[in-house]
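Mind looking over this structure? Questions follow.
Each chain gets a letter, A, B, C, D and E, in the order it is written, and its residues are counted from 1.
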Amino acid sequence: PATPAGSPAAESGPVLASPGRPLAKPPVRKLAKDHGVDLARVPATGSRGEVTREDLLAYLDGAGGGGQAGAV
Amino acid sequence: MASPTHVGGGVNVDDLPHVDQPMIQMLTPEGKRVPGGEYERFAEDLDDEMLRLMYRDMTLSRRVDAEGTALQRQGQLGLWVPLLGQEAAQIGLGRATRPQDFIFPSYREHGLALTRGVPPETLLGIFRGVSHSGWDPQAHNLHPYAIVIGAQTLHAVGYAMGVQLDGDIATGDQDRDTATIACFGDGATSQGEVSEALTFAGTYNAPVLFFLQNNQWAISEPTTVQTKAPLHTRGVGFGVPGVRVDGNDVIATYAVARAGLDSIRAGNGPLLLEAYTYRMGAHTTADDPTKYRSDAETENWRAKDPIRRLRRYLLESEMADQEFFDGVDAEADELAAGL
Amino acid sequence: MASPTHVGGGVNVDDLPHVDQPMIQMLTPEGKRVPGGEYERFAEDLDDEMLRLMYRDMTLSRRVDAEGTALQRQGQLGLWVPLLGQEAAQIGLGRATRPQDFIFPSYREHGLALTRGVPPETLLGIFRGVSHSGWDPQAHNLHPYAIVIGAQTLHAVGYAMGVQLDGDIATGDQDRDTATIACFGDGATSQGEVSEALTFAGTYNAPVLFFLQNNQWAISEPTTVQTKAPLHTRGVGFGVPGVRVDGNDVIATYAVARAGLDSIRAGNGPLLLEAYTYRMGAHTTADDPTKYRSDAETENWRAKDPIRRLRRYLLESEMADQEFFDGVDAEADELAAGL
Amino acid sequence: MAQLTMAKALNAGLRKAMESDPKVLLMGEDIGKLGGVFRITEGLQKDFGEQRVLDTPLSEAGIIGTGVGLSARGFRPVCEIQFDAFVYPAYNQIVTQVAKLHYRTLGHEKIPMVIRIPFGGGIGSPEHHSESPEAMFAHHAGLRVISPATPHDAYWMIQEAIADDDPVVFFEPKRRYWLKGEVDTERSGKDTYRATVLQEGSDVTLVTYGALVSTGLEVVKAAAEEGTSVELIDVRSISPLDVDTLAASVEKTGRLVVAHEAPTFLGLGAEIAARVTERCFYSLEAPVIRVGGYHTPYPPSRMEEAYLPDLDRIMDGIDRALAH
Amino acid sequence: MAQLTMAKALNAGLRKAMESDPKVLLMGEDIGKLGGVFRITEGLQKDFGEQRVLDTPLSEAGIIGTGVGLSARGFRPVCEIQFDAFVYPAYNQIVTQVAKLHYRTLGHEKIPMVIRIPFGGGIGSPEHHSESPEAMFAHHAGLRVISPATPHDAYWMIQEAIADDDPVVFFEPKRRYWLKGEVDTERSGKDTYRATVLQEGSDVTLVTYGALVSTGLEVVKAAAEEGTSVELIDVRSISPLDVDTLAASVEKTGRLVVAHEAPTFLGLGAEIAARVTERCFYSLEAPVIRVGGYHTPYPPSRMEEAYLPDLDRIMDGIDRALAH
């Protein structure tokens, strides 16, 4: 399900990667968690409809510019 | 058998009146017909034709067996389990059964399977590795071969309990009254499940024949490793009486089995029949008996060959001629060629 | 016992010469001392003191047992397994053993445990639910209680095989030659493992006493559900001779056990001793025997009470007086009070 | 509709099965006059006779092994094993014969046997009376392994097990024998070999079976009080395992806790964890958490409370799942 | 250093153990004159006598049960079960007695027994001769369950098993009996109860044991040709399970494939998958993939190639792991 890429900055109007909960493999979930990112807001391009590591990194790139957005 | 001597008037296998009686024999190794006492009348059906049939059965069994070994050597079978030497025990029993009787075999019962109409190629399938068993048990009244030693004896007792519950004993109807047969070996007698089968048979007075082929060996172990008491006494303490027959004598085996089966079908309860015989070949084609037994022993038993003695008897009593024997051999060759 | 009638001269339990002999008895239910034949000399050690000791043992066992039941009723134990009625069988055997003998009990052997110096509170721990067993088996030459029916009989045979390998039989040294005892019940005889124990005992001629307390019941099942043959004949077909003793007669049990143990230690091989007794109480405190047996039966056996008959004998033969009995009762009360 | 204990529901189910098929036999130790040590077969010998309710010799291998022969003769034996650990003497017959004869005979011979086993702890019994050996049977193909958790399921599942032409190992959660519940004797409403969602929830899925289903219901309540929404599933069928129902739930909640009394090491929880993780890898917010028996022998009964998973330990499992 | 087959290595290990401790006894069917159907005990009865190498009656329960008694008497019995599926008649003794006596007696009684079981398929045998029942033992606390995969390990692990005061179920991968390899008879260099990394790699971890270790080595090569770096681990000890070694590898590679001949359903792979997933959840790039026997009875031997995991099926498992 291709979804229009939402700007990570746009706090409102989350776009779900799938109708249910966002899909992602555990390390990507971890990465999102570590960066304080709600996976539901990350556009998913994975073949299973999941948020891939690349999706998340792209989202983080967009979000933080310098990538320090979620640094804990 | 020298038995342990304990003080007092207890029960001891040596005190059993019949324990040391020689086994029942009606055809000597030399092919001489000797009277079978109380069992004689159970050999009445054994007219010329029947004896020739049993000769044929034994010969075909042996031929199929030889072919099994040959096919294994050629790599066509993964393994073969020879019945060599046990033809009389199996054909004697098989021909004493009635069609409605149900047999629970072990894994060496090729002769019995033949009497139950299982095609040899079906049997071979097991050893070819294409099936674990190949026939419909109900169609042949023959359960699948059982490899886990002794397990089938309980199945037989259960089946016999079912026969009893169905009322299919002691009706006097020859085509209805049913006996069940549990086949097992001397080695198997050590498995707890075999004793449990004796227990259930005793308790429920189940119409079952425990058919023990004592071929003297369990792979490399002689019967003395399994027991110090003669095996026909095994059931005594369970309330299952026992009889020992010369299992290389097809006439005696037939007669004693017939007597037992008739009695079982009449509702007289279980019986253990020890067919005293010899595994003339290897345990299986994977086995090397020279590792554990002497040539002298094997030679000694070869003199008791079950087929040769019947052949002699048939010849000498003129119940069969060379033409007959040639015919049987031809049939055997043909059977083997098709395998 | 009416046995099945099959044709021919086979072996049958009824043909055993001693099978229907009454069990060995040396003290009647009325407390009368009767001669024990060949076993008489094995009662020689039973002087006044020894008989009083056995009376005491039986009384303490019964008192501990009653306390077990009471404590269970009070909720202090999860369960109790009463030995009520089997005191003579256990004390007779226990006192016939030598210290080096090793016993493999079942779960009802509180009397035997007493003779082996296991403190009753340790026993109670099992039923309190604080341990599965509480003692060092080597310290008491008593294995833990065994709950899986029959399993311990194989352990006993293995231990006996070890004794034999160690050369601790037939040396003539009273403090060295060792017998092993396998305790089990009438119900247990149906377990395959018990038959396997008989098999191994026979094959290795193991110095083991199979001590079968036939208390007539396995929970709700009478012995007739387990076997049609008398249980002292169970070992016959395994080469293990059998003897039946009045298990409510502590003198006979002692003498016959003593004879058997001496003989086993001397290297004469295994023996099965059936102590014919009665489970006077429930199977366990969770059981309700009124569901499956008659008061008449229980009453009948109450007349054969093992303790009462010894008490009568001690009184009438003036081997003990009221003071002695009072003393024993006081000791029993004290013991129970500490539980 | 009737209010019955699980024990009475089983008894009624057995009675029903015996009434509807004369080939159904009961076999076991003390099941006749005594009606079984748990009275599950109470009254059945009286009503159906000694030919249909057999007190057998004390031999589990014998019960199962003769049951195989009775099956070959066309009967449908329902074999009672008195307590869980006493099934082991029959293990050989069950796994090498009962499980395999249908396959061995190329489908010719069916073994429509039911093996009833009261299982699990919590009733203060001595050693060997409190075990949970279900995984030891489920590992073998050819056996169906099921366990009812409620009187209603007990009533219906025992009948379906008996009607099944394949062998069924039927585990009865013995400490729930006295649990009362509604039994609809008109209709089951359920498929014996499928899991049921007993309580819908959104935060975490709790999967269990047998005695712990009751505990699971308490967990649902306690968790709700703490603001956690638990979806409770009773697997009912251990083999075959209804992975679809479990996976659907986990895809929704993202978290799974599996609880059983059997040791976790190679217990059913391991299989569920492996399977669900494979199916729902991208949905899992947390690894599957297993709450079960320890890798020790079952302890003496005074210690069983510390051994058995209970409300606290399952709540803790849920917390561990939620901590991710 | 010597080049030995696994069969000869086991024989040498047994001989060594018997030489160093007179209490070590061998027991089993046909192990004396014949030297066992696989000749593992060849020559030992001749050299140590019938009192130390016992041909027993044909009763597995008897072998193990008398072994318990011999243990109580101070012996160290090494019991041979002729083929895998023939262990079931002894299952009761093993799980209710051998496994539990140490605990039952509060540590007073030790059962230093070794139960040798040739296991697994691939040699064209009839029914019951090709099974992999290891999970059925590992589920029970109180038993150590181990399996050597090389002649070197066979030589040392059998000796360590015999020296161990706890009971050990020793699974011998029968189709590797004729596998030759270097045996360093001077030093083992390994701890029996730990897994070994046989090949380091970076893309995916492959865990296996027994006969499939050899296959695993082929997989490593074949995968390398395809550009995949496989880390191969032989667990060696099934219980206890050396999770640390597995977890360390998976934390590095992010992917795990477990292969064994036993059915995957409730096989060791399930436990490894559950445990490693719990430990390495955030390191896993893919769910743990299990490659194992199907949930069917072991087939007739002509079909066993289709049943047994082989290079292709394991490679496929690796592909499935890498596809995530």
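Everything that follows uses one rule, which is that a residue touches a chain if its C-beta (ideal position, glycine included) is under 8 Å from a C-beta of that chain, and two chains touch if they have at least 3 such contacts.
Molecules present, by chain and UniProt name: D, E = 2-oxoisovalerate dehydrogenase subunit beta.
Being a predicted model, the structure only gives us computed values, none of them experimental.
Enquirer: Over the chains that touch one another, what is the least number of steps taking chain A to chain B?
Expert: 2
Enquirer: Taking contact as defined at the start, I'd like the list of chains shared as neighbours by chain D and chain E.
Expert: A, B, C
Enquirer: Measuring centre to centre with C-alpha atoms, which chain is farthest from chain C?
Expert: A
Enquirer: Select the chain at the greatest separation from chain B, using centres from the mean of Cα atoms.
Expert: A
Enquirer: Between chain C and chain D, what's the gap in Å when you average each chain's C-alpha atoms?
Expert: 39
Enquirer: Calculate how many whole Å lie between the centre of chain A and the centre of chain C, each centre taken as the average of the chain's C-alpha atoms.
Expert: 77
Enquirer: Let me have the rounded angstrom distance from the C-alpha centre of chain B over to the C-alpha centre of chain D, please.
Expert: Distance between chain centres: 43 Å.
Enquirer: For chain B, jot down the residues that touch at least 2 other chains.
Expert: 131-132, 148, 190-193, 196, 199, 203, 225-227
Enquirer: Counting only residues that touch at least 2 other chains, which ones in chain E make the list?
Expert: 56-57, 59, 61-62, 85, 88-89, 92, 96, 100, 103-104, 127-128, 281, 284, 286, 324
Enquirer: Using the touch definition from the top, which residues of chain A touch two or more other chains?
Expert: 25-26, 29
Enquirer: With touch defined as at the top, which chains are paired up in contact here?
Expert: A-D, A-E, B-C, B-D, B-E, C-D, C-E, D-E
Enquirer: Which chain D residues qualify as touching chain E in the complex?
Expert: Answer in residue numbers: 85, 88-89, 91-92, 95-96, 99-100, 103-104, 127-128, 135-136, 138-142, 239, 241, 262-263, 265-271, 273-275, 277-278, 281, 284, 286-290, 294-297, 324.
Enquirer: List the residues on chain E that touch chain A in their complex, please.
Expert: 254, 281-286, 324
Enquirer: How about chain A: which of its residues touch chain D in the complex?
Expert: Result: residues 20-21, 23-26, 29, 46, 48-50 of chain A touch chain D.
Enquirer: Which of the residues in chain C come into contact with chain D in the complex?
Expert: Against chain D, chain C makes touches at 78-79, 107, 126-132, 147-149, 187-188, 190-193, 218-221, 225-227, 286-287, 291-292.
Enquirer: Spell out the residues on chain C that touch chain E in their complex, using ranges where they run on.
Expert: That would be residues 102, 104, 131-139, 143-144, 148, 151, 153-163, 165-166, 180, 192-193, 196-197, 199-200, 203 of chain C.
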